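You will see chain A twice below: alongside chain B first, and alongside chain C after that.
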Partner chain A sequence: MSLFHATAIRGALATREGVLVGVNLAIFAFLSFMRPDAFASWTNLKAILSLMTYDFLLAVAMTVVLIVRGLDLSVGSVLALASVVMALLLQDGIPVVGALAIGLLVALTCGFLNGMLIAKGRILPFLVTLGMMSIARGLATVLTTGQYVSFPKAERWFTQFGRFEFRLQIGDSFYGIPLPLLIVLATVSIFAVLLSNWHVLARLFYVGQGPEAAKLSGIKVERYTIAAYVIAALFVWIAAVLMTSATRIGYANYGIGAEMRALAAAIVGGASIAGGSGSILGTFLGVLMLALIGNGFILLNGDPNWQQATFGIVLIVAVGFDAVRTYKTRR
Partner chain B sequence: MLPTNKTTTRVTEKRGGINTAYVQYVGLFLITLTVLIASHQTFGNVLAGANLEVLAMNMVFEGIMALGMTFVIISGGIDLSVAAVFAFAEILVAKLMIEAGVPVAAAIIITLGACGIIGALNGLMIVAFRVHPIIITMGTLLTLRGVNLAITDGRSISGFSNDFLFLGTGKILGMNFPIVFFIVAALVLGVLLAHHSFFRQVYVIGGGERPARLSGINVNRVKIVIYTLCAVLAGAAGIMAAARYGAAHWGHGNLAELKAIAAVAVGGANINGGSGTIGGTVLGTVFLAVVHNAFVTSTVNPFLYDVVNGVMLLIAVLLSRFIQRQNEHAQQRTRQAKMDQLATSTEEKSE
Partner chain C sequence: MLNVRAVTKSFFGNQVLHGVDLEVREGEIHALIGENGAGKSTLVNIIAGIMRRDSGSMELKGEPVNFAHPLEAMRAGISMVHQELSLVPNLSVAENIFLRHESKTALGFNDWRSMRQTAAKIFERMGVDIDPAVLVGSLSVGMQQLVEVAKAISFDAKLLIMDEPTSSLSEKETAELFAVVRDLRAQGLSIVFISHKLSELFAISDRLTVLRDGHHIATNDIAQITADDVIRMMVGRHLGDLYPPKAAQMGGTVFECSGVSRFGYVRDLSFSVRRGEIVGFAGLVGSGRTEAMRAIIKADPRSSGSFKLEEKAVVWSDPGEAMDLGVVYVSEDRKGSGLFLDFNVGRNVAASTLKRYRNRFGLISRSALAEKARTYVDMMDIRPPNIDARAIELSGGNQQKVLLAKALDCRPKMLIVDEPTRGVDVGAKALIHARLRDLANSGVGVIIVSSEMPEVIGMSDRILVFRNGEIAAELDNRLGQVTQEMVMSYAAYK
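Entry: the complex of A and B
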C-alpha cells in the first residue's frame, strides 16, 4: 500500500463518519462471514432497511433539535398521535389528502408548542418534551381507547404505496426496492444538503453553539429554536404517514421507546446534547449500525432479548470513545 | 432576562430568597388538599381508610425513587436509569431467593449492593466522560432493561416466602411497610440534605460546578455518592415492589423514572440544579398520588390521566419558572438598590 493511501485512510478514519463507516463495514463483513446465506440475502437486507426507515426519520428529527441544543422526547408519541388522527379521519371517509394535511397540522402544532415553551417559556427541553410525550400518547389513547384503527374506506393508492416496491432486474434476479425507503432517502438527502449549504439552515448550528453569541450577531434565536422543533415534527409526520400506510392501521402504541433509539442513534452519529453539532450522514450511519447489530443478534444466537442491552452498551461505548478523543486532543 | 414587565417591580423587596419557596409549598399543599376534598365531595369514600391506602400505595415506589432523584436533580443532573434499576432489583432478589435459595436478609443485602454498584458506575461514567447525565443514564437504562428482559426471558418470577412478602404487604402501626419506609427515608434524607455538611455540598455543585470545584469541594466524590444513593433507593423500592406484587417482572416500573422526575419538579426543585428540598418532593409525590386517585375514582376516561399528567408537569414547571424569575428580579432590585445607595453615599463623600 502506498503512503498516499495510508494517509488517505487515516484521514478518513479521523472523521466520525469515517469511523462509523468502518464499524458498519466490519459488522457487515462479520455477519456475512458468519451467516452468508441468511444475512447477505436481499430479503434480509431489505427488511433491515425498511425497518430502519422509521427510526431514521425520528433520528433525523432528533438530530435537528440536538443541533439547537435541544432534545425531543416526544417524537415517538407524536408519531402515534399523527398516525391515529389520520387513521380516524380516513375511517370516516375523509379524502386522503385532507386527512394527511390534518395529520400534518397536528404534528406541526405539537412541534410548535414544544418550541414555544422551550424558546419563549425558557423551560428545559427535557421537561417540555417529556410533558408533550405524555400528552400526545394520552390523546392518542383517548381517541382510540387503545384499539387499532383500520380504514377500509380509504382510497387504494394510500394503502398501497407504503408497501409498493420497484422491481429491479439485475442479471437473472429481481430486487424489490421499497418506495418508502426511496422517499425517505430522497427527502433526507435534500434536507442534509440544505442543512450544510443553505445559510438559513446553517444558522441552526450557530444557535446551538452559542445562543448568546448568535443573538448578538443578529440571529433571531427564539425563532430558529422553534423552527427546529417544527422541522423535527415534519419528519415525525413523514414517519407517521409511511407507517400508517405500510401497516394499514393507526395505533396509539406506535413508537414506544423510539425516542430512546433515536437519541442513541443521533448521539452515536455525532450529535451532542451540548448542541451545535450533528450530521445527517452520521445519524444515518448510527441508525444503520443499531439496525445491523439488532439484525445480527436475531441471526446469530436467536435471542433478540439481548438486542436492547446492546443499544445501551453501544451508546455508552460511543460516548466513552468521544471522551477519550477529546481528552487526547486537549492534552 | 431584563425586567420588562412593569408589574413585577411592584413586588415588595422582602419577597426574595427562601420566602418564595414556602409560598410554593403552601400553594401546592392547598391545591392538593382542595383536590382531595373536592374528589371526596364528588365521588365519596375518597378519604376512607381503604382508599387512602390504595392512594398511597399507588405512588409510594415512585416516591421512594423521587427521594433519591431529588439529590441528583439538585446537583444539576438527572437519573433516567432508576426504573430499570427498580426492575433489576425485583428480578435479582427473586432469582437469589427462589432460584439460588439464598436467605431473605442476604438476598436483600446483595441486591442493594448490586444496585449501589450500578449507581456508582453511573456516577463514575458521568464524572469520567463529562457527558450530560441524561445520555449516560439513558445508556444504563437501555442496557439494564435489556439485561432484565434477557435474564428472565420476559417471564415473571414468583413464589416468595412469607417473610419476604412482609416487606410489601406487612403493616407497622397500621401502615404498609413501604409507606413506613418512605416516611422514614424522607425524614432521614430530609434532615441530612438540610443540615449535613456533606449533602449541603450538593446545592453548591448544582449552583455551579466550577465555583464548587474552586471552593474545594470534591465534586466527583459527591456526584458518585448521590448517584449511588439514588440507585440504592430505587433498588429498595424494587425489592418492596416484588414483595408487594408477589412477582418480579422486567416490565415493572416502566416510565417510573418520569413520574419520579415529575414529583421532584412539581415539588418545586429547580431542574437546572441548585435548589429543591425533600419536603417539596414529598409534597409533589402526594400531589401526583391524589390527582391520580381522583382520576381513578372518577368516571372520567382513565386514559385522559396521561394527558393531565403531562399538562400538570408543564404547568408546575412554568409556575416554578415564573416564581424563580420573580426571585431573580427581586434579588436584582435589592442589589441595584444597594449599588445606588453606595453610589450616592460615595457621591456625598466626594462632594
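Entry: the complex of A and C
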C-alpha cells in the first residue's frame, strides 16, 4: 500500500529512484574502473560527499518550490547574502547565535518576498526569483565590496564544527565522517518524512498538482505557496551556515551557478516543472549523480569547464523527459 | 459508404473491441451510443486513423483502407470533431481552420486572403454567420464547436465523425449545431454522431448503433426503436425509473443565502434550501449560475451577501472556511478545477480532509485513508475498483464519482454540485443521481446546477430558473409536474 509515495507517478516514480540508483552505480563502476587508485579512496569519496552537502540542501529547497509549481533561481545568491551577513556580524564580535539568527531572518525575508510576489502579486516565479537572484547577489557584493570576510574573533566552536569529523575505525583503517554531512542527512531525512506524511506539508503537492482544484478543496493556496518559498529559504540558510563555518569566511560569490545544479538535480530526481511531484530521495540521487559526474571530470583530467556544460545538458535532457511525461499525463 | 467489419483492438492485453461491425450509408446521420468504456471512442479513433486496429477490415466506398495517420484519413474524406475543443484561442477562425493545411501563394507564403475566402464559403455552406478573421477565443463555446465542424469539413470531408459535440453546449447552441448537421446531410455527407443524450440522438439521427463492452449489440432505424429499448441494450438490464423519487419529507431551512452580488455576474441573489431538499438551478449556459455558486463560497470575490446555516448567521472568507462550516461546492470542470489528475483515487478523495486521517503520531495514516477510499470505491461503484488508479486513467463517469466522493468526505450540510453528470454515461449518471438523493434523504440540503433540462427536472424538488444573473422564476416540482417548456419560457432571454 503506497498511497502517497510511489503512486504520484506510479511506476515511473517508483522505478525512477530505482533507475537513478542504477545510473549512480554505473557511473561509480565506470570511475572505479578508469581510476581504481584515485576514485574509490575514502578521501575522494569524502570530498564528493562534503561538496554535495551544499548542493543537496539547495536542491531540496528547489524541490519544495517545484512541488508547488514554482521555481527559485535565487537559492545560490541568497546563500551568499546570508553567509556575508553572518560573517560581517561575527567579524564585529556579535555572538554566534545572534549572528546566525539575523542570517536566518535575512534568508527567510528573501523567501517570503519571493513567495508574496509570486502568490499575491501573480508574477511568474521565473521573473521574481531572477530578480531576487540579482538583488541578493548585488547586496552581498555591496556589503563586502567583493572581499572575503573573515571573523577571527568568532567563538571557536563555530569555526570548528563545519570541519569536524567523527573518526570511525573499520579494521585497520580510519574513516572520517564529516559532521555537516550527518547534520544535513538527519535534517533532510526528517523533512522528507514530514513532507509525505504530515498533512500540512502533504498539501503542497495538491497546490502544485492543481491550484484551482486545491482552492476549491479548501486549501489556502496562496499561503501554502508563500510557505514553500520560506521553507526553501530555510534550507538555503542551513547551507549558508555550514559553508561559512567550514570555510571560515563569508563571500559574495558563494553559490554562483548553484541554482542550475539544484534545478537539474531536483528534476532528475522526479520533481516536475508542472508541479505536484518531487521526492527528497530522488533529489538526493540526482545530486549524487551530478557530484559523481563532476568528480569524474576532475579525475579523468577533463577540462573542468566541461563540467558546467555537462550539467546544462543534464538539465535540458531532464526537463525534456519531464515535459514528455507531463504531456502524456495532462494532454 | 463506410463498412467496418470485425474490428478488434486491445490495449496492453485488455481487449476493448471484440470484432465490431459498423456500416454507415451515404447521406445518413448514424448515432453511436454505449456506456463509457463500451468502445465508441476507440472505434471512431480507428476509423479516423488516430489508432490502428489489431484485426478486421475497413472499406470506404468499396475500397479497402488502412490509415496509418489521421491526415491519411482526412485526405480520404474522413474527418473527426473531438469531444474537447482543439482550437487555438489566440489564432483567428481562418487560421484555425487551415492549421497544418494552409494554402500557399506562389512564393510559398501562407495565402490568408484565399483561406479567409474559403473559410467564408464553408460557413456559407453550413449556413452560419461567423467572421473568419476574428479570434477563436472571442467566440462562445457553441460558435467554437461550429468552427471545429468547419475545420473538419475543410478537408472536403465525405464522412464526419462527431464525438460528443454537444456536451458543453446550451440547448440553443445544440439546436444551431443540429441545423448545421442536417444541412450537411442534405449535401450528401455522412455523419457518425456520438452522444450520451438519448433525446438528442432521437432528434437528429437516422440510424443508431449500440455498443456494449466492446461488442456490437444492434443497429436499428431510429423510427423502429424507443429510448427504453436503447437503454436496455446499452446496459443489458432495466434501469427502471431514470430518476430517483422526490423528497419524501423535508425538514426546516438548512441554508439561507441573501443578497449575494458580484458585479457583472450576479445581482442580489437570495434563496434558501431545506433539509432533505434538492434545489435545481436551471438556466442557459452563461446565465451566471456557476459564477453565483463560486461567489457564494468565495472562490471568486463578491460585493455583498450574507448566509445562515442551520438558522445561525455564518461568515467565511474562502472556500476552505465555507467547507469547514459545511458548505461544499463541487466544480463543473472535473479536469480543470475538480480533480488532481496525476493523483490516485485515495489521494483525491482525501484532498479536503487529509487532516482527519492521522495516526497517534499526528502523521497521515495510510491504512485509515486507504480504508476510507475503499468504502467510497464501493459506495460509488468506482471502476476499476482500485484506490491506486490515477484519476486521469478513469473514464469521465468514474472521475465524476471520485469528485463527488471527495465532497462527501467533507460531511457537507449544504452540498452544491455544478453539472454533476456532464458527459457521463447512463449507468454512472443513475448512480450519481441516486447518491445525491440518498444524501438529501439523510438531511443534507442539495443544490444541483445543471444545463441538462431533464436532469434538473428529474432530480429537483424545487427549481430556480436563472437568467442574466438573477432568479427569473421559482417552480415547485415536488409532484414532478414541471415541464421543459415551462423552464425554458423563463430561462430564455426575451
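General remarks:
Going forward, the second predicted complex is superposed on the first by the 300 of 331 C-alpha atoms of A that agree within 3 Å, B and C clash if a C-alpha of one lies under 4 Å from a C-alpha of the other, contacts with A are read in each partner's own complex, and residues count from 1 in each chain.
The rule is simple: contacts are C-beta pairs under 8 Å (C-beta built on N, C-alpha and C of every residue); 3 or more make two chains touch, one makes a residue touch a chain.
Every value quoted in this text rests on a predicted model; they were computed, and no experiment measured them.
In the superposition on chain A, contact of A:210 is made with chain C only, not with chain B. By the touch criterion defined above, A:117 reaches chain B but does not reach chain C.
Looking at the shared chain after the overlay, A:249 reaches neither chain B nor chain C. By the touch criterion defined above, A:198 reaches chain C but does not reach chain B. Judged by the touch definition given at the top, the superposed model places A:145 against chain B, while chain C stays out of reach. Comparing chain B with chain C, more residues of chain A are touched by B. Once the two complexes are overlaid on the shared chain, A:276 sits against chain C while remaining clear of chain B.
Look at A:309: by the touch rule set out above, it reaches chain B but stays clear of chain C.
When the two complexes are overlaid on their common chain A, residue A:218 makes contact with chain C while staying clear of chain B.
In the superposition on chain A, the residues of chain A contacted by chain B and by chain C do not overlap at all.
The residues of chain C lying in touch with chain A in their complex are 297, 299, 318-324, 329, 331, 336-344, 346-347, 351-352, 354-355, 357-358, 362-364, 366-367, 369-370, 373, 387-388, 390, 392, 406, 410.
Chain B makes touch with chain A in their complex at residues 1, 78, 125, 128-132, 134-136, 138-147, 149-150, 153-154, 258, 261-262, 265, 271-272, 301, 303-311, 313-314, 317-318, 321.
Note for the complex: chain A touches chain C at residues 1-4, 7-10, 193-194, 196-199, 202-203, 205-206, 209-210, 212-220, 276-277, 329-330. Within the complex, the chain A residues that touch chain B are 71, 117, 121-124, 126-128, 130-135, 137-139, 141-142, 145-146, 260, 263-264, 267, 273-274, 303, 305-313, 315-316, 319-320, 322-323, 326.
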